[in-house]
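Multiple structures follow.
Note that subunit A is present in both complexes that follow, paired respectively with subunit B and with subunit C.
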Partner chain A sequence: MENISKEEYQKIVKKHTPHEDRLKNGIIVFIAGGIMGVLAQILMQVYINFFNLASSDASVLVIITFIVLACILTGFGVFDKLVRIFKAALLIPITGFAHAMMSSAMEYRKEGFVTGIGSNIFKLTGTVILYGVVSAYFFGMIRYFIMGA
Partner chain B sequence: MTYKYKNVYIKDSALVGGKYEQEGPLKSFFDKTYKDFYFGEATFEQAEVKIMKDSIDVLLNKVNKKTSDLDLFIAGDLSNQIVTSNYVARDLNIPYLGVYNACSTSAEAILIASNMIDAKQASNVLVSVSAHNLMAEKQFRFPTEYGGNKLKYTTFTVTCGASILLTNEKSKIRVESATLGKVNDMGVTDVNNMGGVMAPGACDVILTHLKETNRDISYYDFVLTGDLGLYGKEILKELMSKNNVNLDKYNDAGVMLYDLKNQDVFAGGSGPSCGPSVLYGFILDNMKKGKMKRVLYVPTGALMNTTMVNQKMTIPCISHAISLEVVE
Partner chain C sequence: MIYVNAFLFCGIVCLIAQIILDNTTLTPGHITSLFVIIGVILDVFNIYDKILLWAGAGAILPITSFGHLLIHGSMDFASDYGFIGLATGMFNLTAAGISIAIVASFFLTLIFKPKD
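So, the complex of A and B:
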């Protein structure tokens, strides 16, 4: 291997590494994500019209419904297969967060409630929570200084 | 460093696979397969112990031997602290050497066993490797039920327990020589691109082997790499041709084991039992039937863990070459 430099080798690797079809994936996610939004809106209208809920309560209930559905589908081993088809359209909404927590909890169930589930359930979502809180703090500050309380 | 052996033979081998291996084109070369990922055990880790143990049971049955007939057990796998091999060894109650060279563990183990048999330090050595797809996913990637999207060039860990019995008793196939590889690092940091990480290891050890044995690549009827996958295979071919070696009678076990068009395995199989899953079945069978006389087995291993990958370190690799020959 002495006759090939690292730079030269990187070029060979690059040449033989396939590219992901970003445009196709983007279109799938755009359509599937849009459908997710429409479904959520329909569900919200159902909650408002049939259960006489205020729209703020109904939207919370829609989120809870999606979380429960994502967890159940993860438990039955279906959600990961759906993600393979619809990609980020299912991961970016709240369903992705629920799915990540549920799959972590399931994975470490056999290692005990504290050493297993307890210490691993936020394995994937810990990042989202941490940086979600930090960025909310900063954006809140910016808003406070620009627009006032 | 190349060792030549005079009296190291392959008595027999056994393969036990999982669901994807059962659906692949080489299914008939497996002695036993399972339809799920648990094999009747409670966890993936325990399932892997079971599949390695199964392969040993099948092998000992085939050759009509008991564990007490064996001098030594050499084994390795992907789990942390090679715990699968350790738990299998616990139940065998014979001397044990745990070895680890990631996905080239099988060659490392065969090489050590052959050296010991040739030096008359042992007469019957059992060599086993195993891997479990979901155990590896859990340990190296994401929780198994998590549906993160995979890149096209990702490889798929083969679920398989593979055992082989090496002996000084004459048989149809012998281990002719073996070349110890060096650790190479060509600066690849992408942990998904295992083919790219490991191809330099294979190239290096094949060149060393040919040089030290004074052979041309045409000496071999077939060259088998372990788990470079669809794209890593092309990288190796290009590396070899840059060194004026034309790899035409060559394939990669990860590509051969699965039907890449119809099975959801991305760029092909990987893991310590990927090479053996093709070598111990398909290749040895072809050798017994006389379709192949000389085979060079070159499994490749990526020597990393998740900590080093997260610290953005480049990934080193290793590969050893084993030359098998039909006894005339």
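So, the complex of A and C:
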């Protein structure tokens, strides 16, 4: 075993890590993410026009539709393949939240209902809820005392 | 026109996330947490409401809207019930999304078996 310095080691690591085409990634993600936004807008118009819903109710239904779709696709194992192609375009919309929850529930399914699903369902989404609630409470309090509600 | 705005906003948010993913060692978990906090901060200054009017559902879909809904429900209740409203109204608007995500993933987990 020959001795190599830290810099040489870093060089070797850099050479062997798979190099991704960032420009191509960016273009794919921008277009796919945009299409997700347009789909959501079309769905919202459908809910407003055909089911006569108020726009606030329609927006909740749009979110629910995307969550259920993402859960079903994760169940079939399709979502992971799509994420490999479209990357952040599927992880940043609410579909990523549903996918994280569904996949951690499925992964720990065999460990039982309480110690498996119960204690691990929030394993990946817990961070989003935690920092969302903490920052909303913190900034909400600042705004409440400085600017009033 | 709102379709173009929805395309642009949702696309740009995803693009920023992908640029961070490609150029740093942060995981998607870090980025979604960061974007939720950005959504909260944008709502503090009432910017997110303007984005919602401009981009429609394109601004509802990204995870930033989760943060926006958290603080928005909180502030709505705070104006009605005072300081305690900050806590009681926290999940007022996001409850539907979180509940459906939990219920759907629980029952679908019982149906589907993991592939590998």
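Basically, the second predicted complex is superposed on the first by the 131 of 149 C-alpha atoms of A that agree within 3 Å, B and C clash if a C-alpha of one lies under 4 Å from a C-alpha of the other, contacts with A are read in each partner's own complex, and residues count from 1 in each chain.
As a convention for this text, a residue touches a chain if its C-beta (ideal position, glycine included) is under 8 Å from a C-beta of that chain, and two chains touch if they have at least 3 such contacts.
From a predicted model like this one, the values you see are computed outputs, not experimental measurements.
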Partners on subunit A (subunit B, subunit C) - clash or fit: fit
Which superposed partner A:11 touches (first subunit B, second subunit C, both, neither): neither
Partner chain in contact with A:91 - subunit B first, subunit C second, else both or neither: both
Subunit B versus subunit C as contact partner of A:43, first or second or both or neither: second
Subunit B versus subunit C as contact partner of A:59, first or second or both or neither: second
Which superposed partner A:71 touches (first subunit B, second subunit C, both, neither): second
Which of subunit B and subunit C A:107 touches, first, second, both or neither: both
Partner touching more residues of subunit A, whether subunit B or subunit C: C
Partner chain in contact with A:82 - subunit B first, subunit C second, else both or neither: first
Least Cα gap, in Å, left between subunit B and subunit C after the two complexes are fitted on chain A: 5
Where subunit A meets both subunit C and subunit B, residue numbers: 20, 74, 77, 87-88, 91, 100, 102, 106-107, 124
Touch list for subunit C against partner subunit A, complex: 2-3, 6-15, 17-19, 21-23, 28-29, 31-33, 35-37, 40-41, 44, 55-58, 60-63, 65-67, 70-71, 74-75, 78-79, 83, 85-87, 90, 96-98, 100-102, 104-106, 108-109, 111-115
Contacting residues of subunit A [partner subunit B, same complex]: 1, 3-4, 6, 9-10, 12-13, 15-18, 20, 74, 77, 79-84, 87-88, 90-91, 99-100, 102-104, 106-108, 110, 123-124
Subunit A to subunit C touching residues, read off their complex: 20, 22, 25-26, 29-38, 40-44, 59-60, 62-64, 66-68, 71-72, 74-77, 87-89, 91-94, 96-98, 100-102, 105-107, 109, 117, 121, 124-125, 127-133, 135-137, 139-144, 149
Subunit A-facing residues of subunit B, complex: 42-43, 138, 142-149, 151-153, 184, 186-188, 193, 195-196, 199-200, 203-204, 207, 231-232, 234-235, 238-239, 242-243, 264
